[in-house]
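Notes to accompany the following structure.
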Amino acid sequence: MARIIPLKDAVAEIVQDGMTIALEGFTHLIPYAAGHEIMRQGRRDLTLVRMTPDLIYDQMIGMGCARKLIFSWGGNPGVGSLRRLRDAVENNWPHALEIEEHSHAAMANAYEAGAAGLPFAVFRGYRGSDLSRVTTTISSVTCPYTGEVLATVPALRPDVAVIHAQKASKRGDVLIEGILGVQKEAVLAARHSIVTVEEIVDSFDGLHPNACILPHWTVSAIAVVPGGAHPSYAHGYYPRDNSYYLAWDKIAADRATFREWMDRHVINGM
Amino acid sequence: MADYTAAEIMTIAAARALKNDDVCFVGIGAPSAACNLARTTHAPDITLIYESGTIATKPEVLPLSIGDGELCDTALCTVSVPEMFRYWLQGGRITVGFLGAAQLDKFGNINTTVVGDYHTPKTRLPGGGGAPEIATCCGEIFLTMKHTKRGLVDRLDFWTSLGHGNGYDDRLNRGVTTKGPSLLLTDLCIMKPDDTSKAFIVTSLHPGVTRQQVQDNTGWDVVFAENLAETPAPTALELRTLRDINARTAAAHGRSVEA
Amino acid sequence: MARIIPLKDAVAEIVQDGMTIALEGFTHLIPYAAGHEIMRQGRRDLTLVRMTPDLIYDQMIGMGCARKLIFSWGGNPGVGSLRRLRDAVENNWPHALEIEEHSHAAMANAYEAGAAGLPFAVFRGYRGSDLSRVTTTISSVTCPYTGEVLATVPALRPDVAVIHAQKASKRGDVLIEGILGVQKEAVLAARHSIVTVEEIVDSFDGLHPNACILPHWTVSAIAVVPGGAHPSYAHGYYPRDNSYYLAWDKIAADRATFREWMDRHVINGM
Amino acid sequence: MADYTAAEIMTIAAARALKNDDVCFVGIGAPSAACNLARTTHAPDITLIYESGTIATKPEVLPLSIGDGELCDTALCTVSVPEMFRYWLQGGRITVGFLGAAQLDKFGNINTTVVGDYHTPKTRLPGGGGAPEIATCCGEIFLTMKHTKRGLVDRLDFWTSLGHGNGYDDRLNRGVTTKGPSLLLTDLCIMKPDDTSKAFIVTSLHPGVTRQQVQDNTGWDVVFAENLAETPAPTALELRTLRDINARTAAAHGRSVEA
């Protein structure tokens, strides 16, 4: 049953060192506030899972929260690469980072299989790609009817899924609108979930019958954090802060500048 | 160069290749500019699909990322990312996949993963994202990239996504029945795969570009088509439309846009 | 590209003898009018595919249109069994009917795999059920990671999918709202599709961003047939005609009564 | 019988077994009546899910089919049927699956497919529908059916869906880790599986029902629990609420409702 509690308590109760956690949101509704709280609480040794590691994972990797990253594209969209991610992979700074690299199709199908309670996902993938040579979890199955060999990846079943959504009802049902990404699948595939929302509303009566809603009994904790997706955007609330993304490239380019900025804006910022 | 930039003619040449009834999987950057230029000029009914699930979207401003708000606001509908990859891409509904590339070889194989060794890379690149499956599930692939020796290489450090593999029938022998790379547009020229070897040959030079210039900026021995053409210069309409798009985009994103 | 043409022409052009056709709609939006038109045009030798064969397939089977039925539950919901279906299976009237029987989960996954362009579907199914003994297309694959053996069924790829929907735009995009069943999957899995709609509207601007819409280039033909789902219902248009369902049991119970009713109300009715 | 019918006490006994935080996969007929009775009496927060994709629905009228309009109108949301079976049923989110049955054996295996041989059946029944996967993916299974010799048989002609199989650890040995049938409610009595053999034993007789009456209407040798109880008679609230539901339903569907 979804309890509506402060973000600080939700993260403290649910996110522990060494866990596999997924902060999802495909450019839209990226749970920055929750990610910052995880960093403030100094979580370590995490396996971070995310299709498109964005600034939030660049920050968490740079702050030494992550032992491993499972991803399919790691960049600063429209700007360049993720400086802290590159520093970790190329120079093992702040420490070595194990990576498990997939394609978007593989991770989308892996979340879907996780939500569907299956142990693996099947898709027509990786044909002619070296990814299947370097990523050891990629395997295959043969179609019993046509003999076609299709790629498989293990289902993604994170310990914790963290997403941001527009609204929650008083009872704790969660509404996600616009670009949905893999947020529903991540929550359903995970053992626990934290959802930060822009606001609480009385109920979802009168909403479109096929809107994307997570019932309260599929969510562990909800925290009301208006602006919780900034600098990414929340459809119907605020636009993407492109200047933050543009400015990040310089901030993250230098280790000292990065560390100093994070201390001022994130660790002691709140 | 006349009164347009190399990047502009690349985008315009790319847009010209798109047809009104194409269903196009659009990558960020030059692909996005080309597709929206086509949509606002000769192909008003073209369907643009971005990886984030936005179907038949009509952005006024070029998105900084495949999940920008305007893509959803102007889309016919927005589906989840698992559905986008399962029903729309893997379901074989995309006629043209538009990809950019960091490194490309003469068979249209792409590397956006690493420069150097995978496990101890000199440069770690963003990764393939949707490319490995876009490259094999779309009807055909158009490629756009800046024409540099660093980009067009003889041997890739890593095959992120498959083009024509090692050439000839290699793609087909790997069980991939879609057409693969059929067009490469750079800021110097247009290339197409040779019918037999499937290696890129230069079919058209942009105005003012010499053969030597192309060879000097290409990491493999360039082959030029016998009937080597010259890319028609941008029309006033093409140029004005592209510059309007780029101006609106620069204003919205608070900086100048390279294509 | 979806052409908006009369139902008669759409059926005449697209539905041929011997084809595998799916008329889907899960109690909601069942394409009765299209089914009746197929009967009027005297199509034969069809393989009918439908998760819940309803009165429409009872009628088509009774009229001798079908050679084979692929289904997962065949009954008159809340009333009883399908008399014509039973007569065909138990007494080969009007002629023998081959059946391929599955569970709902199997068919839902088979349509999903068809829409996803895969040759088979994988799901945790048929455990301890005799269906896997009598339905020869049921097989299995082993998870490469856990060794679990999971059931498979061939993907459903009908020659024609026929559905009813609330609205189409002038350009031929199709909106389905309410209980969605497997209608989107059936259309995407099929080579051709016919969609009957309640009405044509100018455009779908202002609709919920995540509403279920089939773009015009995924639909072969659209026919405007207000009431085309009667006696089933259309969310937002008209309720289910329960009395028709209740009355059907008696009509279909006797071969002569059935044939006479069909001639009067369907074959010559229009 | 006192002033209530056998069907009414069956439905009421079934409703009593449901808890406020249950997430219930609801079959048509008696299961639907029991779940909605529970929702409108002691378990207002119970989540009712129908196969058609309607989640957390609150119908005022019992649906004639799992896809009735009111189910969607009163639902929190309605998902597609593939999603219902993949995420909600197979994803293990359903605590109680409520099934009816045409034929049932003492281990809770169900036949809703054929009477006689499958390929030349004496009677062709509607088929399993969602049952084969409901029976194995839900946390546990409640069964309701009219208590007749024809229904409760010693040997099934066909196993449409699995109960406890051949008893003892057979279900577990088939790799099915969910609880399976844990409760059988008929219009004569309540049965539960024996802890060891997993065969149904009668744990409670409805008021006025004798052991002989149960044995006369059961196709297997009935075992009665040592501490055989009597099912508490319906309270005025339970009876009035159930009759209101049935009255509204009969009016809406234009005929009387059997449960």
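By letter and in written order, the chains are A, B, C and D; residue numbering begins at 1 in each of them.
Heads up, the rule we're going with is that a contact is a pair of C-beta atoms (placed from the backbone, for glycine too) under 8 Å apart; a residue touches a chain by one contact, two chains touch by 3 or more.
Because the structure is a prediction, the values reported are computed rather than measured.
Shared contact partners of subunit B and subunit D are A, C. Ranked by separation of Cα centres from subunit D, the top chain is B. Of the two chain pairs examined here, C-D and A-D, the one linked by more C-beta pairs in contact is C-D. Here the CA centre of subunit C is 28 Å from the CA centre of subunit D. Centre-to-centre spacing of subunit A and subunit C amounts to 39 Å, using the average Cα coordinate of each chain.
Residue numbers of subunit A whose C-beta contacts span two or more other chains: 112, 116-118, 123-124, 148, 178, 180, 184-185, 209-212, 235. Chain contacts: subunit B has residues 72, 78-79, 86, 90, 137 touching two or more partner chains.
Chain pairs that touch, as defined above: A-B, A-C, A-D, B-C, C-D. Of all the residues in subunit A, the ones that touch subunit D in their complex are 1, 112, 115-118, 173, 184-185, 188, 204, 207, 209-213, 215, 217-218. Interface of subunit B with subunit C (complex): residues 21, 23, 47, 55-56, 72-73, 75-79, 86-87, 90-93, 137.
For subunit D in complex with subunit C, the residues that touch the partner chain are 28-29, 51-54, 63-69, 71-73, 78-82, 84-86, 89-90, 109, 113, 118-119, 121-133, 135-137, 158-162, 165, 171, 174-176, 252-255.
By the touch criterion stated above, subunit C contacts subunit A in their complex at residues 116-120, 122-124, 137, 139-146, 148, 150, 152, 154, 177-178, 180, 208-212, 235. Of all residues in subunit C, only 26-28, 51-52, 71-75, 77-79, 81-82, 85-86, 89-90, 101, 103-105, 108-109, 111-112, 123-131, 134, 148-149, 178-182, 184-185, 212, 233, 235, 239-240, 242-243, 245-246 touch subunit D in the complex they form.
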